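Note that the chains are named A, B, C and D in the order they appear, and that numbering of residues resets to 1 at the start of each chain.
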Amino acid sequence: MTVRDVDMSVRIGPITMKNPVTTASGCFGFGKEFADFYDLSVLGSITVKATTIEPRLGNPTPRVAETPGGMLNAIGLQNPGVELVIAQELPHLRRYEIPVFVNVAGTTVEDYVDVTKRLMDSEDVDAVEVNISCPNVKCGGIQFGTDPLQAAQVTEAIKRVSRVPVIVKLSPNVTDIVAMAKAVEAAGADAISMINTLVGMSIDLNKRRPLIANGVGGLSGPAVKPVAVRMTYQVAQAVSIPIIGMGGIMTAEDAIEFIMAGATAVAVGTANFVNPLACPEIIEGIRQYCLDHGIASIRDLQGAAWKELA
Amino acid sequence: MARLTILEHREIAENMMWLAFSAPQDLRYTPGQFLHIRVTDGVDHLLRRPISLCYVQGEGGAKSQAIAVAYRVGGKGTELLRKKKVGEELDVLGPLGNGFTLHEGDRHALLVGGGIGVPPMVELAEQLTQQGTKVTSIIGFQSANVAILQEELSRYGEVLVATNDGSLGLQGFVTDYMTEELLATADRFYACGPTPMLRAVQAKMDGKVEGYLSLEERMGCGIGACMACVTSCRMDDGSVGYKKVCKDGPVFSAPKVVFA
Amino acid sequence: MTVRDVDMSVRIGPITMKNPVTTASGCFGFGKEFADFYDLSVLGSITVKATTIEPRLGNPTPRVAETPGGMLNAIGLQNPGVELVIAQELPHLRRYEIPVFVNVAGTTVEDYVDVTKRLMDSEDVDAVEVNISCPNVKCGGIQFGTDPLQAAQVTEAIKRVSRVPVIVKLSPNVTDIVAMAKAVEAAGADAISMINTLVGMSIDLNKRRPLIANGVGGLSGPAVKPVAVRMTYQVAQAVSIPIIGMGGIMTAEDAIEFIMAGATAVAVGTANFVNPLACPEIIEGIRQYCLDHGIASIRDLQGAAWKELA
Amino acid sequence: MARLTILEHREIAENMMWLAFSAPQDLRYTPGQFLHIRVTDGVDHLLRRPISLCYVQGEGGAKSQAIAVAYRVGGKGTELLRKKKVGEELDVLGPLGNGFTLHEGDRHALLVGGGIGVPPMVELAEQLTQQGTKVTSIIGFQSANVAILQEELSRYGEVLVATNDGSLGLQGFVTDYMTEELLATADRFYACGPTPMLRAVQAKMDGKVEGYLSLEERMGCGIGACMACVTSCRMDDGSVGYKKVCKDGPVFSAPKVVFA
């Protein structure tokens, strides 16, 4: 069982990623800051911060809090608006020659459609990731993320105007994640990314008030990994479109856990804050794991936890 | 990002620690920048802690031998940090952010520090003194038992101390020292401390002395990617918007800062 | 603001607990084992392991796995059945002179009713806690825990046969926890306990299979605390019956966080495994916190995070 | 539950550690019991690790000076444990569970250990020897580089070693040593090791030598409260039911154990 080299490439619809690792939206800005630490062209793809039609200021501070094994955030979709994103943030990413996924957010179906339409004018967008699951904005998309019918509607509407693959990002704050996944698949989603954050809260004992100004925030980091792996495992067996798995990935082993659960690719979020080199280290770690275990293609591990043993 | 060896670690006042560690190679820094320190290799305290660079021993660049910080043990992360012993390694990112701007022609600068805002003043005093600017430090604390770095700062010039309870120096606030006379002698001020202090300093200095405020905000990444650490600032076009404390700051030109 | 002593007592319906700390069901057996470590009469109350009408063997092993900041379990309601529980487990608890809450589980409404009826023959039951939320048993109650209508039905049915207060334990694996809480309140629940475990999974990379024999397991411990605090905060503002808050409580500060979020009492689960003295240490810690902060009655902190500041 | 000071901590074979710490006051124990050890004060590895008591230095009760265990660094928790240094404290619960039963009249006992099942045999050999029972140890390992405690056991009697790859002793399994002749001389056997080994030993001994098996199972509480660690056993009434490894075991009378 010795392999010389590992085929790390995976496909998200028509898009080939040279390795299965992308960045989780909102945890990597528009890439600039991490380019100081390493050459971004090593990434499988880059997924950038949520973009809305208008510029948004986001929530007041504090916007983050530490929790056991994780963190809460309520950034509130702060972004310069789709025009500036297209003009100023996306073009510089082209030089890395990796696919660019743009996370799209809004309050109404029309918002989502408008942002997507506008993004279609840019040559710098390889896929849109539909954020129907941000828990940190009042009326900010969460209703689409918890109701299969509305999730399907927004997916269909975006599919109609997008000429690039549409990835729908699911919220874990639901009773039945499989129903959500099936609904967006039926509505034409090319891929699913999961999970967004769990809704949580931390209370400041001294102030006797929620620590985060917004009250609730989104829980991410290692603490949520078991929930994310479970949902990935369930959804992967219920749909046939590829899944980008995420939630608490800190190491290559964590990434492989998601792939065995059924994810085709993975996204690294909170880990970037702890270790700016997290993504390249995880990519190298996955390659090494495959070498050590005689795995010729990372795709051979996809769904291994529920597929028949070879 | 580097793993740096702890060289000194001791309590200098109640729950106030002095921590010195080996400098990374080719260290480049300005006073007012911060280090982003991981307090555990485990996941129980995931986020790094921002702590201001206090003093660099040796000369700049590859010649510097050690970086020192001073920090207060308040929460769980700093409680863990306190347990690290000399010889152990520390996972440090930085120096990060935008430090204090030094102006060569300045003859006299006021350094205003409150509590854990005092540490960055030490390296600043060092560099100002080196360029020939006279330094007066005005530092405030809750009370004598948590007063720090008075001696270090006194190497560079006069140090005026205020405490809330009068147990050391003047009973009152740092602003109580800021008489018209003193301000008239100053070309510049540099301030770091709790928000109420900074607000009072900003008001006091307004239209009289130009200067800088160093702000605090809870951080996620510390490098400008996550938007956690924003603070309201007046933009170039006059509107009020958000700047990032970690990347655009922590030091801002005083008049730009808009307090809530 | 100096207080000499702290009034630690709270009320769950007609029951007075001398302090707000009970044990989380399934994490304290029937008390025996912890009696080797301390005098159980220091507890505010004791909540024992789930009881079903028939004896149950539970799931195969491994039944537990460690996760970042937490653990997964899939015990599967192993218990000797209600007859043996009444005959052998409950009587010895009387000597501690603290209220005994008996956790009740089942597969059908009739199951729940039968167990409750049988428990009414015992003098040793001060309240029943209805476990409509155990994620680890196929058809084992989870449907009652995720559908407000069914939750209300089982609550009503139990209320009809119970002469002691009925506490309904909510599952966090739902889109809308407030709807669940309102449903069981309207159906007559005397109190709510929350949260049960989040459904999670860990994969054994070597075996390429879920680590827990049951596949999925229930996530508990500090990792889930932000989710539990958030839900407690939301439910406390929506219902007027008392809440027993739980999920990741390790310290007195954690307990106070739940009380400020709106819990009347708290339960300590996983912490008992890490530290057998967790409960008495938390009780003493709460008392000390109140002394240090000049709080005369623990009830003054209840809901402090959302009530008007005094 | 006690915080005990680490007295010795060193690698005795590849990734196999020897760890000795001060004994709690009034230590009471039987060989085969386990200690439930917390590997960190933080929450990132919440559950305690069950590790068999290997050897008690000094005499019983208040006179005992130290407890030693031997453990394999395999996962994340033992990786953390390995980093603890002499002088640091360890949070230890126990000794817990139901250890080996010694029978006074026994003349000859076979001690069968596989891999990390070898450690409990040392204290058992000590106590058997003290009561006048002759001891023969049969121990098996993957290969020579992970072989442990051979020397310690040889103080009490003959030690027969098997390795899977033949790099030390016999190439094969511990059961290969269990000839009719040897079994005929034995009054009792005591076994601890991986499940396949225990199953093979149980089969080999069946009807020939009475004895005990020490089992492993993943644990929650370690004290009998959570029902995590059950194993199938034949009950007194002949039916098969669950017993708890942590409380009813880890040691069970061999014929009672029902392997899946």
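In this text, a contact is a pair of C-beta atoms (placed from the backbone, for glycine too) under 8 Å apart; a residue touches a chain by one contact, two chains touch by 3 or more.
Predicted model only: the values in this text are computed from it and were never measured.
Participant: Provide the labels of all chains in contact with chain A and in contact with chain D.
Facilitator: Common contact partners of chain A and chain D, which must touch each of the two, are B, C.
Participant: Applying the document's contact definition, name the chain pair with more C-beta pairs in contact, B-C or A-B.
Facilitator: Counting C-beta pairs in contact, A-B comes out ahead.
Participant: Quick one: chain B and chain C, Cα centre-to-centre, how many Å?
Facilitator: Distance between chain centres: 46 Å.
Participant: Taking each chain's centre as the mean of its CA atoms, how far is chain A from chain C in angstrom?
Facilitator: Distance between chain centres, rounded to whole Å: 34 Å.
Participant: So the centre of each chain is just the mean of its C-alpha atoms; given that, what is the distance between chain C and chain D in Å?
Facilitator: Averaging C-alpha atoms per chain gives centres 36 Å apart.
Participant: Return the residues of chain A touching two or more other chains; collapse runs of consecutive numbers into ranges.
Facilitator: Touching at least two other chains: 68-70, 221-223.
Participant: Listing for chain B: what residues touch at least two other chains?
Facilitator: Correct list: 43-45.
Participant: Quick check of your reading of the touch definition: is the inter-chain graph here a line, ring, star, complete or other?
Facilitator: Its topology is that of a complete graph.
Participant: Flag every residue of chain B that touches chain C in the complex, lowest number first.
Facilitator: It is residues 43-44 of chain B that touch chain C.
Participant: Any idea which chain C residues touch chain A in the complex?
Facilitator: Interface residues on chain C, with respect to chain A: 67-70, 72, 146, 173-176, 198-203, 205, 208-210, 216-217, 219, 221-227, 229-230, 233, 248, 253, 256-257, 260-261, 301, 304-305, 309.
Participant: Chain A touches which residues of chain B in the complex?
Facilitator: 1, 38, 43-48, 77, 93, 217-231, 241-242, 247, 260
Participant: How about chain A: which of its residues touch chain D in the complex?
Facilitator: By the definition above, chain A touches chain D via 68-69, 222.
Participant: Of all residues in chain C, which touch chain D in the complex?
Facilitator: By the definition above, chain C touches chain D via 26-29, 32-34, 36-37, 49, 57-58, 61-66, 68-71, 73, 75, 78, 221-223, 250, 270, 272-277.
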